[in-house]
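You will see two complexes here that share subunit A, one where it goes with subunit B and one where it goes with subunit C.
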Partner chain A sequence: MKKNLLKLVLRRFLISCLMIFLLIVAVFFMMHLLPGEPFQQYYSPRLGNELAEQIKSKFGFDRPVSVQLLKWMRNILSGDFGFSIVYQKPVIVLISESIIVTLSISLSSFILQILLTIPSGLFLLKHAGKKIDFIIDKLALIIYSAPSFVVAIVLIYFGSILTNLFPSSQLFSYNYYEMTTTQKFFDLMHHLILPILTLTITSMSFSIRYLRQNLIEASNQDFVVALRASGIPENILRKNHILPNALISYITILGLEIGSLLSKTLITEMVFSLPGIGRLMVDSIFSRDYPVIVACVMISSLMVIFGNLIADLLISRFNPKSSYELVS
Partner chain B sequence: MKRPFLFSFLFGILVFIIISCKSEKDLNEFKPVYGGNLFIAIKNDIDFFNPLYSNDFYSGLINDLIFGALTYSEFNSDSGKLIYYPNLAKDWEISDDKKSIIYFLKTNLKWSDGVKFSSKDVYYSYILYTNPEVMSVRQDVERFFIHDVDGKLNPYKSFQILNDSTIKFNFSFSVEDPLFVTGLPILPEHIFIKIQKDKILTDEINTKPVGIGPFKLENYLRQQQIVLVRNDSAYYDRIPFIEKLVFKVVPDYNSRLNQLKNGEIDLMTDIRPEDAEILKNKFNYIRIEAITGRDYDYIGWNNLDNYALSKSKFKIIKPHPLFGDKEIRLALSMAINRQEILNGYFGEFANPAISPISPIFKNFLNLNLKPIPFNPLEAKKIFQKKGWKDTDGDGIIDKNGIPFRFKLTIPSGKPHREFAATIVKNDLKKIGIDVEIERLENSLFFSNLFERKLDAWIAGWTIPLDLDLEGFWGSDLNKNFFNVCGYQNPEVDKIFEQLKKANSFEEKRNLIFKFQEIIYSDQPVTFLYWIDNIIGYNKKLKNVNFNPVAYTNRIWEWFIAQ
Partner chain C sequence: MKSKKLRIIFISYFSFLLFLTVININKIFAGINFIYLLFISVSFRLSLREIDFIQATFVLIALFVLSTIFLLVSFNILRLKFIERLINKMESINLEYFSGLILAFFMIIISLTAPVISDEPSFYKDVAITKLLPPFSKVNYVVRTNLKGSFTGLEEIKKKLFENEEKERRIYFTKIEFKDTLVIVHKNKLKETIHIKEIETVNNKPVIYSKIFFAGTDEFGRDMLSRIIHGVRISIFIGLLAVFISFLFGSVIGYSSGIIGGVVDVLLMRLVDFFLSFPILFLAIFLIAFVGNSIFLLIIVFGFSGWMYIARIARNESIACMKREFVQMLILAGQSKIKIITKHILPNTFSSILITLIFQMSNVVIAESGLSFLGLGVQPPTPTLGNIIKSGYENLSIAWWISFLSGIALITVIISFNLLAEGLKNYYHKK
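After this line comes the complex of A and B, so read on.
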């Protein structure tokens, strides 16, 4: 069993490395094929593009793409992600500043989503076919079909504009640097409630329906029917037999959810003006800040691959049979 | 004779009493108070806390509050001129031939780190601005100063320290406005001298500024906020009433607008006309003001055959098959109802543009030129005269088998240009011209524009305060990168050469008048409108006086009513 797991991890690691390498090479070339120019900010009516060309050459962006790629790869091995053209800062500094924001929003909403989805799923199973089940199911469908920014705008309207309970943007209050650590924490929480709720609600809209469906299917399986017939109480059946069975596929979805969380975080960060990795990536794409784009792609692909790996490991933990299938 | 005099005298006293009472009331009502924070929303983050490199509107604005210049300038709407006031310099003397200027600096000023300000700072600042190794975006200022025979700037002859508080600038020719040329923000010598010149661009000083201005940087959080706190009287002699300025970075327009409505921010610029009306009518605590500035929109017609140009790597220059003829361009201008765009989108917040000289430059605006009338019939006649007729009956005019069909490219996400493009398309359709509107993402749009790949487009420029427009209209396409429509006219080039040597106001005015006449007759582009910057601010903010130079003009006089 352990050997299989190790094999699985090793295999996935090697495949992941190859995938990231190919992805980066593709992104690197595609980015340079993309029309547009990161040095437009240095254009001026009097200097024309002279200064832009000078700075381009200073950063080595006038060299062939293949040379730039090799240099970038050599640097990456020594932990150097390059230098941002727009921010004039090492990319690693930008990434580390932004990733904390993204991870705190996405992980909080991820955990909150799990904590809310499982009891809600069991509740819906209990009330399957009733009015409340119908209402929640349709509501979840509506939220799922709406883009996440719509959810964000609705929350801003009710939470900020109408009731003035929460700030509609930013990560901290303007004077956070004058606060004590405890005050800072509460201030951060106050600012993050709406973004976290946005992500949680949008993610839950899918997972709750998915889990509900799986729970209903599991509750109709032959062994459950047999156990039910043998007189085992329904609540024990749900907890010990139906839920573990339904959870296996839910966990797979959760793993994939990690990857999509990042794309949802991206929109949330834009709407709430949060300096996360999503916003950094979008801004960098618009300004053609090549070194930042590549680093962001690398980080986000790592997050997706890592999410999938965790999902696989969890599945093999819950369903040992599946680890053989995954390895083979 | 006495009675009317007595009557007038008494009436005068009465008027005086009424006015005095009113002023007294205003003064009591709006008594300036120290303290309070002002929250301003900005749509993008600052690029550099360093005037050597900052090239963006908000960055310039914020840097001007942190770094002072020798003089402080503001635009006088009545005279249409820049007026200069002492700032880091207490006085100045311009030589009769306008080939030099001496500044007498204030001796009581200190940088925000406590080091005394002196003429060495001014000298070193200009060394940095003009040194190519530094790669400053303002390095073009060197063209005014003295150069050696090898063409390199001679800093010793150009900038002379006379003593600790006196500095002299020498120019290579008579400069019409020496105060403008020497008006760049001053940098601390004791900080920058420690940094290698070619390393300044990437140094951390670009996020930790040391300056002398009404405010200093207290906190900066990338993509979040810039907090400026007022400078202490021990460092700078102009103390603002407002304690802190908080610039909140909010990229989304609707979020900024909502924050203005719910009081999270106190001031926002670039409000759309339709929202300005709503704010004006429904939010009684918000005041709306519009500044006519230096931004205009135009329809660019590529004057040159861009295909031949790019194919031959700028060797073959021939007129554009559709827009190469100035009469055709004039007809296009006549066929477009600009007033409809103004009425339909901007309302009172824009003025029709006739030439690239803003109406705020009253002394330089050639009032003999009237807006090109909307006259589709006349436009049609011109097209017919030039051989453009609908020969195949498909509703589109053609000549030698080529239909008059083109793409009008606009940058995406600009509702006013979207609106204008639709009007243009509809108007031109009426005279048999087929227009396809193409929307491009901003970076891609400008990339294609500067590579001269576009046939027709709608864009906008901001004109410089010194009205140096050669970069936009000079014939040398390699040198004048912003002449994206490829306009070439030797007469205009001659004017630009003469403007460089013009040392009197009258001479400059006459030349700019002539320039406008030529541009008007050549119609290299169709000038659309001068756009007002619509600013909304909370009425608790008092004594506000916006200026076309910067909306934070005299911010030290603003205060927040308690």
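After this line comes the complex of A and C, so read on.
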């Protein structure tokens, strides 16, 4: 069994490495095949041809493609994504600044989602077939169908414009730098409540329905019926037998969600104008800041590959039956 | 009990469709007249809007006929066996499937007939008066007499239908005064004096028309209802075409990797994994950042960002189908491979692909509206739901209806496809 698991881990890891390699190559060729050189903005067309050639050779554009590719790969693997044209800063600095914001929203909503979904799934199982179950299920379907920006707008309208409880945008207040540390913390929290709520509501609408379905499926399994017939109280049955079985598939979904931690906040960041990675990317698209765009796409895709790896490992850990299928 | 409920939904749905066609009956007649005149005239060069209009007229006529027949049958006045059988079949399927089917059908009908059932979502002349009106607000107007002289035949109908000639002559006002032969029109703080001969009159009194904006207006004084209808139209148009592209691409790759197997399978599946590692929205944004954006580019981008799911499903389903006994038996019996694929594997695996396609449709609508909301998708003069919600978001503190109503429309579009897919899934699962 353990050997099998090790084989799977190794295999998945190698495939992920291959994917990362392919990703880097694909992005490189995309930048070179598309019309307009990505680094054209460094030199004006009014400059003489010689000077342009000089600048080109400084960036290494006169060398053969294979050399350029190798250099590009070495740079990216060492975390050097180049220099932002607009912000005049190394891209890696920009990214690391914005990743903190993005991760702080998405991780906290991720944890909140887990904390809220499991009890509510149990609640729904307890009331399965009743009116409240039906209502919550359909409500979750409606919210699941709503794009995150619609949810965000509704939250802003009721939480910020009508009642004036929460700020509708920005990361901190205008007098942030004059505050003490605890005040700073509460100010940040105050600003982050609506974005975190948005993300939590949108992701919960999916996970609640998913967990509910799995719980109902698990509660109809033969062993549960047998245990129920043998007189074990429903309460214990739910906690000790149905929930762990239903959680297996929920955990694999969580693994996939880890992969989308960086990419799912894109629209939420734009709505609340938070300086996260999604906003950095959209802003740099409007200002044609190619190195930043490429770095953003790379990092969020790496995160997805990483998340898929974690999901596979979780599947093989909790559901050994399907790990055989993954290996074969 | 259940069937009774469904029958009520059915009847109300078709009576609503009938109502939709009846309130546009004058436009339909004008459309028929236009088509007839076009037919007998020599020139056949049609603009895109004219083609849209003709198609919408035909759809509305068909809708009129069909919904009357359906209503007659469901009230037991007329007896047509095949429609009764259809209704009975509808009643045997689950509620989610039924409501999703009806909603999706309704959305598609709205998007097909948008040029007839709504006004052109363009500017209204008086921004000062029609700007940011809440839903159900009523605005009065008088109409200037046609100074350019009357037109004849095709030209007149064309002017009436496509060039909004009458709308340009409208004068919206908040208050009106009459002084002998002069008419003083108040527009908030502005005043305009017009001679009575300049506007349409009956018995020497100006005719005052009124227009109700059912969904209010936006910050440029445009009618929100027609903008939302056109937005739904564009969203569904992009969604359908993108899903079609991803269906073609994905099913070819998925079936070939499932049926051929071996090295081809491994390679194609790694390709699928590779494309799956890009988040859809990021892939679309990445392409748009380099190539620029237009509606057709968006369709292609969304088409190529969704094929992986379909390929995966097609592969898994076809492999599972190949392992089943009857296919194995057919292979042993010496049936030709092409016949097995077309007659047994494709029909048996199509249901799950259809479900994925419908889910994909709602995904594309979400992604498209998200991109338009960011300002990266379809550009502003063209109304899409994402654009409208964005303009509503900018005016959220003074006009809630813009983003709320268009948001409800967007949710309805997405939910209709989600319900349909989920219902289909349950339907086939039970089978």
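We take it that the second predicted complex is superposed on the first by the 254 of 328 C-alpha atoms of A that agree within 3 Å, B and C clash if a C-alpha of one lies under 4 Å from a C-alpha of the other, contacts with A are read in each partner's own complex, and residues count from 1 in each chain.
In this section, contacts are C-beta pairs under 8 Å (C-beta built on N, C-alpha and C of every residue); 3 or more make two chains touch, one makes a residue touch a chain.
These numbers come from a predicted model, not from an experiment.
Visitor: For A:156, using the defined touch cut-off, is the partner it touches subunit B, subunit C, both, or neither? Pick first, second, both or neither.
Guide: In the superposed model, A:156 contacts both subunit B and subunit C.
Visitor: Does subunit B (first) or subunit C (second) touch A:270, or do both, or does neither?
Guide: In the superposition, A:270 contacts both subunit B and subunit C.
Visitor: For A:46 in the superposed arrangement: first (subunit B), second (subunit C), both or neither?
Guide: first
Visitor: So in the superposed three-chain picture, is A:135 touching just subunit B, just subunit C, both, or none of them (first/second/both/neither)?
Guide: neither
Visitor: Contact-wise, after the overlay, does A:144 reach subunit B, subunit C, both or neither (first, second, both, neither)?
Guide: Once the two structures are laid over each other on A, A:144 reaches subunit C alone.
Visitor: Could you look at A:83 and tell me whether it touches subunit B, subunit C, both or neither (first, second, both, neither)?
Guide: The answer is first: A:83 touches subunit B but not subunit C.
Visitor: With both complexes superposed on chain A, which partner does A:73 reach: first (subunit B), second (subunit C), both or neither?
Guide: Neither partner.
Visitor: Where does A:167 make contact in the superposed view: on subunit B (first), on subunit C (second), on both, or on neither?
Guide: So A:167 only meets subunit B here.
Visitor: Show me the subunit A residues, by the header's touch rule, that subunit B contacts in one structure and subunit C contacts in the other.
Guide: Correct list for subunit A: 156, 161, 270-271, 286, 288.
Visitor: Once bound in the complex, which stretches of subunit A touch subunit C?
Guide: That would be residues 15, 18-19, 22-23, 26, 30-31, 34, 141-142, 144-150, 153-154, 156-157, 161, 260, 263-264, 266-267, 270-271, 281-282, 285-286, 288, 290, 293, 296-297, 300-301, 304-305, 308 of subunit A.
Visitor: Across the complex, what residues on subunit B touch subunit A?
Guide: Listed in rising order, the residues are 37, 39, 47-48, 55-56, 132, 135, 137, 139-140, 198, 201-202, 206-207, 218-219, 221-225, 227, 244, 246, 248-252, 255, 258-259, 261-262, 264, 441-444, 446-448, 450, 464, 468-469, 471-472, 478-482.
Visitor: For subunit C, which residues count as touching subunit A in their complex?
Guide: 270, 273-274, 276-279, 281-282, 285-286, 288-291, 362, 366, 369-370, 373-376, 389, 392-393, 396-397, 400, 403-404, 407, 410-411, 414-415, 418-419, 422
Visitor: So in the complex, the part of subunit A that touches subunit B is made up of which residues?
Guide: Touch list, subunit A to subunit B: 35-37, 40-49, 51, 54-55, 58, 83, 86-89, 94, 97, 156, 160-161, 164, 167-172, 174-175, 177, 270-271, 273, 275, 279-280, 283, 286-288.
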